[in-house]
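Provided herewith is a single structure, encoded as structure tokens, for subsequent inquiry.
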Amino acid sequence: MNARILIINPNSTQAVTDGIATAVAGLTVPGGPRIDCVTLAEGPPGIESQQHVDGVIGPLCNLIKREPADAYVIACYSDPGMHSAREVTDKPVLGISECGLLTACTMGERFGVVSILPGSIPRHLRAVRQMGLWDRMAGDRALGLGVVELADRARVFERMVAVARDLRDKDGADVLVLGCAGMAYLRADLEREAGIPVVDPTQAAASMALGRVLLAQSETVSRQAAE
Amino acid sequence: MNARILIINPNSTQAVTDGIATAVAGLTVPGGPRIDCVTLAEGPPGIESQQHVDGVIGPLCNLIKREPADAYVIACYSDPGMHSAREVTDKPVLGISECGLLTACTMGERFGVVSILPGSIPRHLRAVRQMGLWDRMAGDRALGLGVVELADRARVFERMVAVARDLRDKDGADVLVLGCAGMAYLRADLEREAGIPVVDPTQAAASMALGRVLLAQSETVSRQAAE
Amino acid sequence: MNARILIINPNSTQAVTDGIATAVAGLTVPGGPRIDCVTLAEGPPGIESQQHVDGVIGPLCNLIKREPADAYVIACYSDPGMHSAREVTDKPVLGISECGLLTACTMGERFGVVSILPGSIPRHLRAVRQMGLWDRMAGDRALGLGVVELADRARVFERMVAVARDLRDKDGADVLVLGCAGMAYLRADLEREAGIPVVDPTQAAASMALGRVLLAQSETVSRQAAE
Amino acid sequence: MNARILIINPNSTQAVTDGIATAVAGLTVPGGPRIDCVTLAEGPPGIESQQHVDGVIGPLCNLIKREPADAYVIACYSDPGMHSAREVTDKPVLGISECGLLTACTMGERFGVVSILPGSIPRHLRAVRQMGLWDRMAGDRALGLGVVELADRARVFERMVAVARDLRDKDGADVLVLGCAGMAYLRADLEREAGIPVVDPTQAAASMALGRVLLAQSETVSRQAAE
Amino acid sequence: MNARILIINPNSTQAVTDGIATAVAGLTVPGGPRIDCVTLAEGPPGIESQQHVDGVIGPLCNLIKREPADAYVIACYSDPGMHSAREVTDKPVLGISECGLLTACTMGERFGVVSILPGSIPRHLRAVRQMGLWDRMAGDRALGLGVVELADRARVFERMVAVARDLRDKDGADVLVLGCAGMAYLRADLEREAGIPVVDPTQAAASMALGRVLLAQSETVSRQAAE
Amino acid sequence: MNARILIINPNSTQAVTDGIATAVAGLTVPGGPRIDCVTLAEGPPGIESQQHVDGVIGPLCNLIKREPADAYVIACYSDPGMHSAREVTDKPVLGISECGLLTACTMGERFGVVSILPGSIPRHLRAVRQMGLWDRMAGDRALGLGVVELADRARVFERMVAVARDLRDKDGADVLVLGCAGMAYLRADLEREAGIPVVDPTQAAASMALGRVLLAQSETVSRQAAE
């Protein structure tokens, strides 16, 4: 049976899950693990507060417990429940913020984070300090758009480019990380505009999951062969 | 044509290159990129000093210039020439120390490094500080075996287990990183003995390379489809 | 009407709540706020894992929403739900780990944490890094006693003294913090044995809550007088 | 006999001492310790240089030696003589800069300091680094007003609001600390204007002193009861 | 025979070497060591990339091996080959970036670096992190002038003053370090314009070399006298 | 008239001043500045507490004001009054702790400090954090000898070697700094025993003073010649 990577979108918006599926499609290879993207039905439409973050942990852990997989990716930039999830399974559990920032560290000296909401920045700062990556951070700036504007692709991209430029020119970022699981479709365009690498964190986490799964499979085969 | 990941062993010992090839074999999947492991003929038998590190940069960059690939992995724990190499190609260049430590950060709170030679530790410390990962490091301890003993697998493993226990019990490591490209074959056994995850850095770097190559390919396809 | 400080024990063990009430009794003064200690009925008997921590956040926030108070103290060393709770009320919410460590910083140069379970240490380390207090930490060591031994006061104290000495002599701590809300009754004795200050974190948090409530009351009075 | 907290204004300006007394008046409760605010006669009119800071240490320690109290607060943002004072008494000695910054850490992720004089900033930076709180600091900006302007309440407040906005908007502060013992009367107004919490450091230190005194008293009573 | 300090300009531009010789001339005293400034013939005209940095290490180490001296100074702000050079001689080897930044730490709280090229800044940041001096850095800003403009002294100085002001006023630097071995002739003028100390790193390194050589000589004399 | 470096021993023990004079004698060169070592008559016999440190600041600043010199060195490992002294003169003022640690950073990756008294260690730790050098520190260990033993050269050296070995082997130091102005006469012997470089901090500070004075003199001459 094929191995399986389960990417969980902890908000309940199917469109975000679909965007994630598109973003990671390239990581599915014939001989490799299946990559399934699922929506956490119990999640809020968007994860916009610490309460939202903490509120999805229970259902998310339950989902992991009932859905067997060889690796799990939590596809929300606040990495909700990552440490709890690591207690409910012995398979790899990867958070997209963690993997996005760590991957950015292989591409530049100081990362800038493009966030959606100003209110998320303190939460992000806590995470960066918790990971011990503070001295690699150039800044974290938010689009700060209202709901109506967020539905307007051109408006979102225009703001994103402005924020990216501030991170690059005012804060000194030489690599950017998208601070949200739902912006992957703009990654390549933003990279072109900003002139510095842009990391989609879900792609980063899914990549690390893929490596972990393939290596574990191969090791199992070797061990069985040796026995 | 298939994509290609080139893993370069910057020392001239073919047996190390062969060990690397075995270690990353599991990352080769039917639809995925070819993974080629090559030996830098101009390298010393082992990279044991800063002079060795600096001495291989020129030939290593030349090799990268003449060997087309979609991503390069420098398979020596001192990441020799990583920043120079990033100037000679616009493809991803990954160092195994960088990727090994960053990957370890997804598995534990404080990493311990199992080094071969005591003399390499100051160099490793400089690298950890340079990467801004100092607060994630528990310690770096060396096997400190002589040449004859290093040829004795049982002796090496025995010392490795002792060092791993010191890193875990005295320094507080909850994840280990092998501080050398040539110890992958002992990874699984050491993990079993130590009871905490052990990262082979070459596997970590090759995994990240695989993700980068697959994503780049997929993006190219999407862009071409859109045009 | 009197002001009120609500101290919430997020585990369901009433004996722990009683111990907390005793520990903070001295902070109740005739003219000052009432200090009520309550047990979170929905909590587990003890908070011993990240799942326990995350699992109490919902009920804890609900309790805060339905129990009016002028300040809240979350009396578990993992500060469960502290950031969520700060979203559900505009009154001060204080976590005992945060307040315990910050208070320790006024008493010594490097704090040592006396934890109950080895498995809690990685969680504590994440918190110390998140708070940006890493360079003030000497170490975190656990009693590592089984359930039966934990019921034996003499055995607990004996281990606590041994752990305190290791923190002081091997790690360089010159102030200790009890890594649990249920050890206050041993604080003074441990301080005497260890010869360095010992902070009960619940006392530290309740003290800071008391100050915040008194100052807020006084400011309200001044403002009303001015109007 | 009642316990006593002694707050020492190390500059010789009685008006500052009076302002401090007003600021901490709310912390005096019927059953609690008396809070006495005294002026250090030997101090300069204002502490504006490192020489001023160092110059008051001797007289300040003498004052502590001759004035019995259960806790001492040094009410100057440079925490003059704090470590010396801790040698001359075994009662708690709290500095307002230390307590102000630590308290701010319970209210926001990154603090900004509103200083009076630009020349004090390097001294403040040294203190923040010394406390190990560097990664929690957003910035330190000075009013930079001349003597005449400093006497003009409206002018001071106008500059303070401008500085607070720069700390919030340019430096990313989400909590402010007043970098002087003499600005408490503007705290509430500044908080309203800035829209983020503002800590008066003397109130923070006096609060921590209150807690320490009450707990020590209560512990003494318990011990005596047990004997 | 007189002792000798060898200052090596690793780029091949004799005019830079001449400028260095002028900058350190004041360190030559009758009874003290000779200070010789040499040009590395194999170097590029200017060291402008990581490849340039790494490319001069081999010839630079060879030069050190064949040129006896009592201390060596590597006079390029990227400290090329410093750690390798320390392996090829047991005499002191000092890098100008290291010594410039460390010396600046005795003159101010936060240093700003005046760089020539924007592309060098990531390399400088890596070095500052590697040295563990991150929390002392205010910023690093580049002149960003083209080749023609760099030949125009007035234009260079004008930009340098502008950059110095940004480092001082926007980044908070209170001491500056010239990020290049070839700007010593502007040091005093820049210091006057900027109003804060300016360190020429080659002078800083040569000073430390002078001290090391004099102390070693004197110790040898004492030891011989004792024998 | 010759330039002059004034080295001030802030304790009143002439024998320590004499030892300092011997230690820096090698830095006096025919054409260079005179180096005068003076004893602060008002100082205590030894500086052993924060009160001692703070107590000498006034007389030390007075001495600097009445004794003209081209640079001042404060020869006590607690750098008493360094920042105040920098306000009373516009000539360089160097502290031996600051210069000793910064110089050690050019000789190894992690420094260990050999202190006399255990009670000085917290003070030293504060200084290391204040300087931002925390991540370069391996440890600080004290001889912990009583007065009688301290008078016994053989006993002192024996303990010093033991402490040096602990710093090297248990803490990972690869360079040592003597944490006192009075141990210079043992530097060379300790270096031989420990097998890693040992920095006498007074020599380090005097070296930096020498460089600063020579450069300032030379610049004055150049300026005058230009006028």
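Descriptive notes on the structure:
Per-chain residue numbering starts at 1, and chain names A, B, C, D, E and F are given in the order in which the chains are listed.
Rule of thumb we're sticking to: contacts are C-beta pairs under 8 Å (C-beta built on N, C-alpha and C of every residue); 3 or more make two chains touch, one makes a residue touch a chain.
Molecules present, by chain and UniProt name: A, B, C, D, E, F = Asp/Glu racemase.
Quick caveat: nothing in here was measured; it's all calculated off a predicted structure.
Ranked by separation of Cα centres from chain B (Asp/Glu racemase), the top chain is D.
Set side by side, the interfaces A-B and C-F show unequal numbers of C-beta pairs in contact, with more at A-B.
Note: the chain lying farthest from chain E (Asp/Glu racemase) is C, by mean C-alpha position. Taking each chain's centre as the mean of its C-alpha atoms, chain C (Asp/Glu racemase) lies 51 Å from chain E (Asp/Glu racemase). Each chain gets a centre from the mean of its Cα atoms; for chain E (Asp/Glu racemase) and chain F (Asp/Glu racemase), those two points are 24 Å apart. Spacing of chain B (Asp/Glu racemase) relative to chain F (Asp/Glu racemase), judged by their CA centroids, is 43 angstrom. In chain C (Asp/Glu racemase), 126, 129, 131-132, 134-135 are the positions where the chain touches two or more neighbouring chains simultaneously. Viewed as a contact network, the protein chains fit none of the simple shapes, being neither a path, a ring, a star nor fully connected.
This structure has the following touching chain pairs: A-B, A-C, A-D, A-E, B-C, B-E, B-F, C-D, C-F, D-E, D-F, E-F.
If you check the complex, the residues on chain B (Asp/Glu racemase) that touch chain F (Asp/Glu racemase) are 121-122, 125-126, 129, 134, 139.
Those residues of chain E (Asp/Glu racemase) that touch chain B (Asp/Glu racemase) in the complex are listed here as 49-51, 53-55, 57-58, 61, 81, 83-84, 86-88, 123, 126-127, 129-132, 134.
Every residue of chain A (Asp/Glu racemase) that touches chain B (Asp/Glu racemase) in the complex is listed here, in rising order: 25-27, 29-32, 92, 94, 98-99, 102-103, 105-106, 131-136, 188, 203-204, 206-208, 210-212, 214-215, 217-219, 221, 223. The touching residues of chain D (Asp/Glu racemase), counted against chain A (Asp/Glu racemase) in their complex, run 108-110, 135, 172, 174.
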